[in-house]
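Heads up, the next two complexes both have subunit A, just with different partners, subunit B and then subunit C.
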Partner chain A sequence: MSAPVHQYTLHHPKWYRRRVSVWWWLERRSYARFVLRELTCVFVALFALVTLWEVRAVVQGPEAHARFLTWLRSPFFLGFHAVALLAVLFHSITWFNLAPKAMVVRLKGKRMPDALVAGANYAAFALLSAAVAFLLLRR
Partner chain B sequence: MARSLTPLLWLLFSVGGTVAALLFPVHVVLLGLAFPLGWLAAPSQEALHALIRHPLTRIYLFVFVSLPLFHWAHRFRYTLYDGLQLKHLTQLIAVICYGTALLGAAVAAYTLVTMS
Partner chain C sequence: MPETVALTVTRYRPEREAEPTSQTYEVPFRKDWVVLDALNYIKDKVDGSLSFRWSCRMGVCGSCGMTVDGQPKLTCAAFLSDHLPGPVRVEPLRFFPVIRDLVVDIRDFMRKLEKVKPWIIRPEEKPLSEGEYRQTPDELDAYKPFSMCINCMLCYSACPIYGLEPSFIGPAAIALAQRYNLDSRDRGAAERLEILTGHDGIWQCTFVGECSAVCPKSVDPAGAIQRYKLTAAVNSLSALLPWGQR
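And then the complex of A and B:
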């Protein structure tokens, strides 16, 4: 029996990789939830741009603002905002629930319970929402 | 994408995501649905203008628009890589995503600084 001859290859051998469909995320509910969560960012960006557009319309004057409001009352924008609301709420809930895992808060060397960190986020959410509503609804 | 930029981009993603999570729902409900549908009385253009003129509101609006755009850029970039398996387009996607966010932030800054 001759000893095996070892030959070093210059390049790494090609790994075997199973081809994954582009639709891999539809195979399981948890995958679909993950991709939907990631895609909420599209509505975040679009709403940021709508807000920028609104600021510009307000600054340009009453006519520009009235035109902007006509757009907002169109079925297209009402539909967009209905979907956007679901998306941003999904983002908020998943974001707050992940916060204790992304940022571990320690007090006197003890890790704060997850529920407390998430709860603080929900409290801030409620407080800030109330403040914005107060500023926009006061007469 | 330079390696040294990664922590900054992640920070912008994180802070922008927090801004969006805390503030976007109430804005969408009021400005996107309740005011256009007439559920609640919308503030007039003069009232909004007076509010926007305040320096604190300008800072608020800049944060409100720019940071969530960077949040989108970072998240959308990786969703495109993973979801659509576009790893070979890494650079193009990064440039388009962060470039769009940068442009949006610049327009917001310009609008809020130059407005009367």
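And then the complex of A and C:
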């Protein structure tokens, strides 16, 4: 038996592939918002470093801790903490709004509405924040 | 209302040009015309060499997806009147290799679709004499939204992750995997686990959310991916526990 004369071959077109620009995240507002949300992690990391720094100061003694507290009152650190707070709030809010997408809660076979799932998250957030504030502010 | 409207259409003729160019056509404006009608007018009356895919004209077949004024859209559902005063920019779907004019190569998506086994998997079929596989309305609701996908690939074209990491299995394929995972008749979730949680699977997704925003069938692939992340995380955590099982 001889090999078939007409063999099927895949068509190989001359494709054009557009490269994704490094500025892709400026092409749409939703992309920019997404990149902004991802960048909030930088502030979380920096805040964690500041906290570790404080722990180090506490270990070094009351004098070092007092010096650390003076630094915290400087305009640079006040500014940093204001921006970090905004970043973390932005992250938390987008995260809570995402919760109903990831969690489908069923009660008696019926799917709970998205607002209720997100609302439960916000309620837990408020409750925990209040508990932390109570612990810190009581004298 | 204008008499005519201009369409700036991407042209790419690989035998002639190394890079795509654009060509502007003037077409009559009609209130009930969509971008696809305008393209068909060009093809029939102005320039027969223009290439594009289309079939049903009513948002069912999923073949006429293109980028209209920068947004991935089904051209059969994009009314010219929503894009006035023009010129309306019509480009091929982003992130896919272009074969000719507005026609893109969809093989990458077809391969990925096959990988997630989007069909009902059962270890064995029960005999016909036992009757059909019944589902309650609630069991149907669990997967129905994901079954509405028409494979139009708008979600891939909206996903910057797919653009940057072309190996990402992508929104529609994952949503369709979930369509079967959540089907009470299906037993194939374990078979899909490896591809979905592997290197190119769900963890590539960073929840930009644009896939769900552009979906013409409200499938919500972003939701499907986030839900599967939760399932996969619970799965791998329970595998670590001594009493847990995969």
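The working rule: the second predicted complex is superposed on the first by the 122 of 139 C-alpha atoms of A that agree within 3 Å, B and C clash if a C-alpha of one lies under 4 Å from a C-alpha of the other, contacts with A are read in each partner's own complex, and residues count from 1 in each chain.
Methods note: a contact is a pair of C-beta atoms (placed from the backbone, for glycine too) under 8 Å apart; a residue touches a chain by one contact, two chains touch by 3 or more.
All values derive from a computational prediction rather than experimental measurement.
Colleague: After aligning the two structures on subunit A, examine subunit B and subunit C and state clash or fit.
Modeller: After superposition on subunit A, which the two structures share, subunit B sits beside subunit C with no clash.
Colleague: Applying the touch criterion given at the start, work out whether A:A102 contacts subunit B, subunit C, both or neither, answering first, second, both or neither.
Modeller: Both partners, subunit B and subunit C.
Colleague: Does the superposition put A:R111 against subunit B (first), subunit C (second), both, or neither?
Modeller: Second partner only.
Colleague: Which chain, subunit B or subunit C, is in touch with more residues of subunit A?
Modeller: With both complexes superposed on chain A, more residues of subunit A are touched by B.
Colleague: Looking at A:V20, would you say it contacts subunit B, subunit C, both, or neither? Reply first, second, both or neither.
Modeller: After superposition on chain A, A:V20 lies in contact with both partners, subunit B and subunit C.
Colleague: With both complexes superposed on chain A, which partner does A:L78 reach: first (subunit B), second (subunit C), both or neither?
Modeller: A:L78 contacts subunit B only, not subunit C.
Colleague: Determine, under the contact definition given at the top, whether A:R28 touches first (subunit B), second (subunit C), both, or neither.
Modeller: second
Colleague: Of the partners subunit B and subunit C, which touch A:V132 in the superposed model: first, second, both, neither?
Modeller: Once the two structures are laid over each other on A, A:V132 reaches subunit B alone.
Colleague: Name the contact category of A:A45: first (subunit B only), second (subunit C only), both, or neither.
Modeller: first
Colleague: Looking at the superposed set of three chains, what is the minimum CA distance between subunit B and subunit C in Å?
Modeller: 5
Colleague: Of all the subunit A residues, which ones make contact with subunit B and with subunit C?
Modeller: Shared contact residues on subunit A (touching subunit B in one complex, subunit C in the other): 20, 25, 38, 102.
Colleague: Which bits of subunit C are touching subunit A when the two form their complex?
Modeller: 12, 14-15, 19-20, 70, 94-95, 97-100, 105, 138, 141, 160, 163-164, 206-210, 213, 220, 222-223, 226-227, 229-230
Colleague: Okay, in this complex, where on subunit A does subunit B touch?
Modeller: Residues 20, 22, 25, 35, 38-39, 41-42, 44-45, 47-52, 54-56, 58-59, 61-62, 65-66, 69, 72-73, 77-78, 80-82, 84-85, 88-89, 91-92, 95-96, 102, 121, 124-125, 128-129, 132-133, 135-137, 139.
Colleague: Show which residues of subunit B lie in contact with subunit A when the two form their complex.
Modeller: The touching residues are 14, 17-18, 20-33, 35-37, 40-43, 45-46, 48-49, 51-52, 61, 64-66, 68-69, 71-73, 75-76, 78-79, 83-85, 101, 104, 107-108, 111-112, 115-116.
Colleague: Okay, in this complex, where on subunit A does subunit C touch?
Modeller: 13-18, 20, 24-25, 27-28, 30-31, 34, 38, 98, 101-104, 109-111
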